[in-house]
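Note that chain A is present in both complexes that follow, paired respectively with chain B and with chain C.
Presenting the complex of A and B:
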């Protein structure tokens, strides 16, 4: 499998560590009234789509970027690759 | 023995003779021969015994699809079982033996299995060996394993070496037959980077086996010219002896190149290379494989595929028999008759299952249209045939053609599902092909030469154009269209005797019928019930036959019945090739600390921790047991001073305006207010509230911290922190870099550690207890200006420091420490003494941070700050992690001080039976404490803190001893911490 790294170009999947669902970026607010429940689903509930899936991959044997890779779970086609930091900032995450 | 069947030159070099042995007989062949062609040249038809019934078997094909002619090649440790004689290149001195028989090949004691046929059909094992249950493991299985199976391994380590490699190309052409050569030519001429791979040792594919003409020239000459043109192109890489065995994601292909298999000795070079080929486009030009027809005793030695017979005659100059009959359902079979007759071989008969007017027959040959062979006779080699009309024909070779199956294998490796084409009675590629793959030639169902050339030419141009190259305008090579009519014909129903579908697995028509009768009618069930299509040939000649017969039995069409799909590898790949160089100590990389050379000089015993080799202890003269060394190292460290390399701890450099805030979020305890020049113990949780790792972090400057992690978690902690930084809090101004290998770090522990360091730390730096108290840290210089970092931290519980220097000074530093320590009788200590001292002090380590324990379990619950957001904070409050009767880390000592504790023992209240219900916890770490003079342990037990002084049983049913232990504080040594503040 080849991942087209936004900064480094096409790289072999063997250079990466895969974490899983990119929803892990959306960590709940600890001060929320329902923080316990929100963290519970954040940790444990995942969609398992047959089709496009957004995943977190870490370029461990490379530049240490966390990437959000949109991959088709049926064909392994990589549809889109973004820097996770950009995705997180776009979601309004900051400090 | 003379080469009685060598009738010509073919493409072998008859000017040179090679000597080889088969079952001890010395035989002759020529360069260009395979073992199979050389055996046939010597008149040897019977070469092995079958898998299950131990039936005599001969050479059936001329390629990698061979189901029968499997031999043991070479001897001793180099011996290789299940080698297909049809692909083994002959070399001088080759040694081969037949396999799968007890006693000689001709008088195999296990041949009686053949007489037991009525009992040994499909599903036999499932039905028969059900009772008594205990007999399966002890009696039936060993018996069956002993009599079934293929070749035997040498039982010795493989002395050959294997390699792995990576290749990149624009266009990968798989198969160098007419279509593949034409494709490589056009893609290469257009300027694309081309790899042309073929499993054969000579390029040309079927052209080498036929008598075709291309562009008015002999087909073999055309192939040779094409190869010469390709070899002259810088952008083309030719890979013969290379089988592309798998199609993987995104245009990646696996290929096995046989580098030295064809040589008597490898000469130190790798035997095989496993390539990973990254291609932008791939052209599958893998050709087609002929299939057989099922009739009685169609597995006799001497019964061969018709195309293979042509290969032996045309390419190798060998006739597989003196009097050859042909049995076919298509025009292609007739080519065999003509080619053989042309070479002067006597044709006994041409039997064609099709009705109608026969094509032109070779002169003198008997022709039977609308007829079929019902039985073959000749136990050790074919003697005669019986036809449907009862006529008997004398022949020592029968060439059978049931049509050709396109080699669609690689098209199925992802989501491709072949589709049935009735006009050629075969499956062709269908469904979603692997990305970037197209198929040309016979592999796609272009069954004539002219069609294959045209398709290959076009596919090469199309791939090149697709990639932005300008296609060459040269015309496609031309040839005449040969006759290629076929009428599906699978089995001779008139046959009364067993007819083989899959010769490698001894699956007969009757087995397919039985599977049908027992309800295993789906293709995948058929395969598993009968073993059809398994083993080394993966049913290349058998699968479609089995499917077609199942279709006949169920009264459905072939497309209705199912399709055969294939998984990698196309041909077997040795485990050695997958392992490559990753064997023995090179199984994975290992890392050495900068003091490794020094430790070796001291005679250290090393242990693997993570990927590191660390000194475990340093034996001294006279010490005969590791405990003596470890006790001495502990006693002298606690008594004066000891030095230990702790470089392997993960080191992460953290800088930025928000570095403190960032640490506050990743550690469970607070870091925001850590003063500059101070170090703090930190506990990291996972988001689910379980303890992940611990270590110390020092604040070197306002915006600069350096963190240590455990050796084992250095990589995963760094990864986690980058996740936190990039994905969770991207707005924080903080940067991380791993500095594990950049700094060599040594623990200096013991009451004299300060005095020792004062001799090395440059005088302008005051490290007195007042100026540099417990948990202080500083950047300073040692040994006259060498930069260093000093941390006053202690894992042993003694007055202790860790000193770090840039890695290049590591060796010098340890030598300087040991030299400066001579006055204090300094001792070097290893990981065992380190472990003993941390257990004595009650520090948790990997045995306690198991990924199942919480801060609360570890007795660190109060460290988890509730006033800030940090990883794991919220979920650490889950009810289940905060039970009243939760586990607590405490110390244990044996009531009888003379007994030895065992890690892994489980705690049970005294007087209660040792059962899971009564399990209250377990012993995590034990050591013999030289300081206390008895065995001590750490462990988790329910409500441990409230049970100090209670005696419980440490039950160890596995090793069969139950010991009375007393619950005590985990801090066996200096519980008040006076020593480390001294």
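Presenting the complex of A and C:
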């Protein structure tokens, strides 16, 4: 697989470490009344779709940026690559 | 029909006209007591033990493709019970005991070959870790022998003992481990279940569940609706995909594990050998091919194929361990989809939906568990209580803070 890095251009997937579902960006509020259940779900449950999947990739052997890669889990086609920072900011989170 | 040497002789002398198909091809009935979703190793063994041990025969096994078309036909055929944690080891040792009597039990040649499994240690702390694991195994009734470097050398003189980076210091040897002819396991269980009256229905994909007011009363399939008092899902590799139809999210990610076979070589590897410093394990098939594998690729996927970086990584592991294989050519490689769970351990449990049961999350350890998984799942289905060896394999164990984390990696499926 080739990951089209927004800053560096096309890079070999072997340079990256994959963390998993991009929903991990949306960490629950620890002060919420439902925090225990929300963190259980956040940490342990996954959609794990057969099809398009947004996931967090870390450019460990490169510029050490976190990316959100949208990839098809049936074909391995990479559909979209964004900086995780931009995604987090768009969600209204701090970086 | 009972298979025996006498039968072969008799059929041979009478033109082999007496053999009958190994299982029937029945049409689905409108209703069953239990419908098992998934006709792989675990689904078929569940059906077999339901009929044989628990006397439940009004059962159907629904398979999307053909029997054994999933991971029972794609694994590296290793059996072992060298786990450590109390939630795992009694279960895998129970499985090992079932393997040992399996061929006589279901009257089918599964080529169970207890040629042993050797885990190599490359440092003193790793040897101490194996001593601890070996003790845990023996406490659960399994066999384990801690070998020093000379002991390993007697078994496998061809290893790279004095490697500068990863010298071989010791090994944990389980003599009762080994390999089994994987397809024959599916066929033997299918035959045993079918002959006891269970309907095995191939080319029948489950497209949905009939769930009303928190009760599951059947499945919708590509061949019509089938009512069932209990629905038992057993589709490791596709678990998230299937259970999503029941509105459930699982503590599982799907990953691909690749496996490899070399060209046929003369007998050289005595049992199963695993590298303790990289991730590489190898055995030799009866045809002579080296059967080996390593890590999962590490990204979510449902494609039954992997990518080249892991191929290179696995082969490097092999070269580091036994440089003699450098000239052997790779004959075939393939990938299978694993249910990677959050702690690396499986699930055999009821769901929160009445009448819907779940078996999955086997990571890359499903094959060795086939007999016990079926036995324990059948126990749960027939009696509505878990088998004593499978009481910790619950779906809610993470929320209760009771994971079975054999490797101590935490909720990170691609590291297990």
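Keep this in mind: the second predicted complex is superposed on the first by the 94 of 95 C-alpha atoms of A that agree within 3 Å, B and C clash if a C-alpha of one lies under 4 Å from a C-alpha of the other, contacts with A are read in each partner's own complex, and residues count from 1 in each chain.
Just so we're on the same page, a residue touches a chain if its C-beta (ideal position, glycine included) is under 8 Å from a C-beta of that chain, and two chains touch if they have at least 3 such contacts.
As the structure is a prediction and not an experimental result, all values here were calculated from the model.
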item: Partner chain(s) touched by A:84 [first = chain B, second = chain C, both, neither]; value: first
item: Which superposed partner A:43 touches (first chain B, second chain C, both, neither); value: both
item: Partner chain(s) touched by A:55 [first = chain B, second = chain C, both, neither]; value: second
item: Partner chain in contact with A:1 - chain B first, chain C second, else both or neither; value: both
item: First (chain B), second (chain C), both or neither touched by A:75; value: both
item: Partner chain in contact with A:93 - chain B first, chain C second, else both or neither; value: first
item: First (chain B), second (chain C), both or neither touched by A:20; value: second
item: Intersection of chain A interface sets (partners chain B, chain C); value: 1, 13, 17, 40, 43, 74-76
item: Touching residues (chain side chain B, partner chain A) in the complex; value: 248-252, 278, 414-415, 432, 435, 658, 661, 687-688, 715, 719, 722-723, 726-732, 869, 873-875, 877-878
item: For the chain C and chain A complex, residues of the former touching the latter; value: 238, 240-241, 244, 249-254, 298-303, 307, 309, 342, 398-399, 411-414
item: Of chain A, residues touching chain B in the complex; value: 1-2, 13, 17, 19, 24-25, 27-28, 30-31, 35-36, 39-40, 42-43, 56, 58, 60, 64-66, 74-78, 83-85, 87-89, 93-95
item: Complex contact set, residues of chain A against chain C; value: 1, 12-14, 17-18, 20-21, 37, 40-41, 43-50, 53, 55, 71, 73-76
